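Step one of this worksheet: look at the structure below.
Think of it as A, B, C and D in the order they're written, each chain with its own count starting at 1.
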Amino acid sequence: MAENVENAGPIVVSEGPFRGWLTWGAGEDPFETAIGPFCFRGAGPDVTCAFEPKRSHLNGGGTIHGGALMSFADFCLFAIGHEALAGAKAVTVAFHCEFLAPGGLDETIEARGEVLRATRSLVFVRGLITQGRRSLLAFSGTLKKIAA
Amino acid sequence: MAENVENAGPIVVSEGPFRGWLTWGAGEDPFETAIGPFCFRGAGPDVTCAFEPKRSHLNGGGTIHGGALMSFADFCLFAIGHEALAGAKAVTVAFHCEFLAPGGLDETIEARGEVLRATRSLVFVRGLITQGRRSLLAFSGTLKKIAA
Amino acid sequence: MAENVENAGPIVVSEGPFRGWLTWGAGEDPFETAIGPFCFRGAGPDVTCAFEPKRSHLNGGGTIHGGALMSFADFCLFAIGHEALAGAKAVTVAFHCEFLAPGGLDETIEARGEVLRATRSLVFVRGLITQGRRSLLAFSGTLKKIAA
Amino acid sequence: MAENVENAGPIVVSEGPFRGWLTWGAGEDPFETAIGPFCFRGAGPDVTCAFEPKRSHLNGGGTIHGGALMSFADFCLFAIGHEALAGAKAVTVAFHCEFLAPGGLDETIEARGEVLRATRSLVFVRGLITQGRRSLLAFSGTLKKIAA
């Protein structure tokens, strides 16, 4: 299962286009360090996630690879669900998405979403990844809290 | 949408642990070049997909990042659906998965699956990613053929 | 695949708690006649769907059966996607949902949603089924237009 | 969430085409009594589920309503997951399906599947609904055990 480092808490990005935004342990999550950075800011229903698309995110057709968008969506589940998790460590249990339109290199890729429900053990999140005025990916996921 | 380079056709891997296996345009798909290589071999119901997990695939918890598994699953949709696509270019329309167990660095990660149905415009695929005897990720996806 | 009778057009409900709302061919869709009626009203982003829960919708635990909620969600895909379909006949290709809380017999069950994207052949819809202040089911689906 | 009456245990069907098969509390689950009966038999990987399609299962297009197939699929999650649940009460947390082909009234509708993984609190199941040689619906679901 996809684990997060929630128990470590998000850190403030110190430089670059997302200076002042939050991310998790840059360098501590090798995959997200390799394909990111993925960042977020805001609280409650106003959490916004973002990343700058690069050539290394492209597929053979010159658009953003679906795997890159899904990896960002998985990050977003934890960013949007951050407050509901309240410091608890969690893993992704199930994930679903619809690919609505291809992404490119022209603008920042963002995402917003909401916690649908938080129970004692599960957090249900859904969101939408956009680029400019285009909706790229609609996603939803179920997070399960695990003992620290 | 996640595009593939099917119209270019898979190429034979010339070196490394997957020599003789097939992959798509190494170098032509920047994202898969960065996080792969992802390879496949076999035909019909006996298609097997594989990749060697590396440190760069890990999340902050020391297990394979969910995004890495989902990116590999997206590759698998096209590998398993390869014959049904019959050279047509295609994009991923919808994707779903359940995270069953965490992956590590100990063994090759593999996947097998099946084409559930192929219609004039859609190909429905499902599969299972495993590592040794552990099932890591169950996935299913809908591919849509697009005009070349 | 789940077909709809969109090409016949929705009809106005003439009596009961949803008088003045719209539904499809009451009596022409045996399953929805048996477990419904399911109705909708409004246009654009303000489409609201509803049904009155009855004892025949309950499961063995005394709450609304998941299958009843999923059947209503499938109806909602077509109601919310109604304008985007513009009279075209369509079938459900893929469906996903998360069960957030159990439903009961105390209040009308409603749903609202949005068309995420409408292409030449596909319509992507997502929505949320609620009962009073409780969210019961989050759902998303892909509809494919078919030749009349 | 969709509850089951697992803690009551399945009962043997005493008459009709599924005499000798198992079902849950006929009459105790009003929805399944109304649209069923849904039955199952076998154990381990050889669980088979079935129901006889009737006119009341049809949609406006004369094929089996998607909601009827999804309701049967929800029943199948519990039938296939029956042994893994080991008497524990459970609810459906998430459900996904792809509609592969329309069903009709010509033959019994069946389903087979497998438990992908059973953890302390979750059971992951996937299956395939068929009619004769046609695959109608591929489905997967996550069940969560709840305190009795």
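Everything below uses one rule, namely that contacts are C-beta pairs under 8 Å (C-beta built on N, C-alpha and C of every residue); 3 or more make two chains touch, one makes a residue touch a chain.
All figures in this text were calculated on a predicted structure; none of them were measured in a lab.
Counting C-beta pairs in contact, the pair that comes out ahead of the other among A-D and B-D is B-D. When every chain is reduced to the mean of its CA atoms, the largest separation from subunit D belongs to A.
Here the C-alpha atoms of subunit B line up with those of subunit C after a rotation of 180°, rounded in steps of 5. As a whole-number value, the distance joining the C-alpha centres of subunit A and subunit D reads 34 Å. Centroid to centroid, with C-alpha atoms defining each point, subunit B and subunit D lie 30 Å apart.
Under the contact definition stated at the top, the residues of subunit C that touch 2 or more other chains are 93-94, 96, 98, 100-101, 142. Within the complex, the subunit A residues that touch subunit B are 1-5, 8, 24-25, 28-32, 34-35, 55-61, 63, 65-72, 74-75, 91-102. Subunit B makes touch with subunit D in their complex at residues 96, 98, 100-101, 116-117, 124, 126, 128, 135, 138, 140, 142. Touching subunit B in their complex are the following residues of subunit C: 93-94, 96, 121-122, 142, 144.
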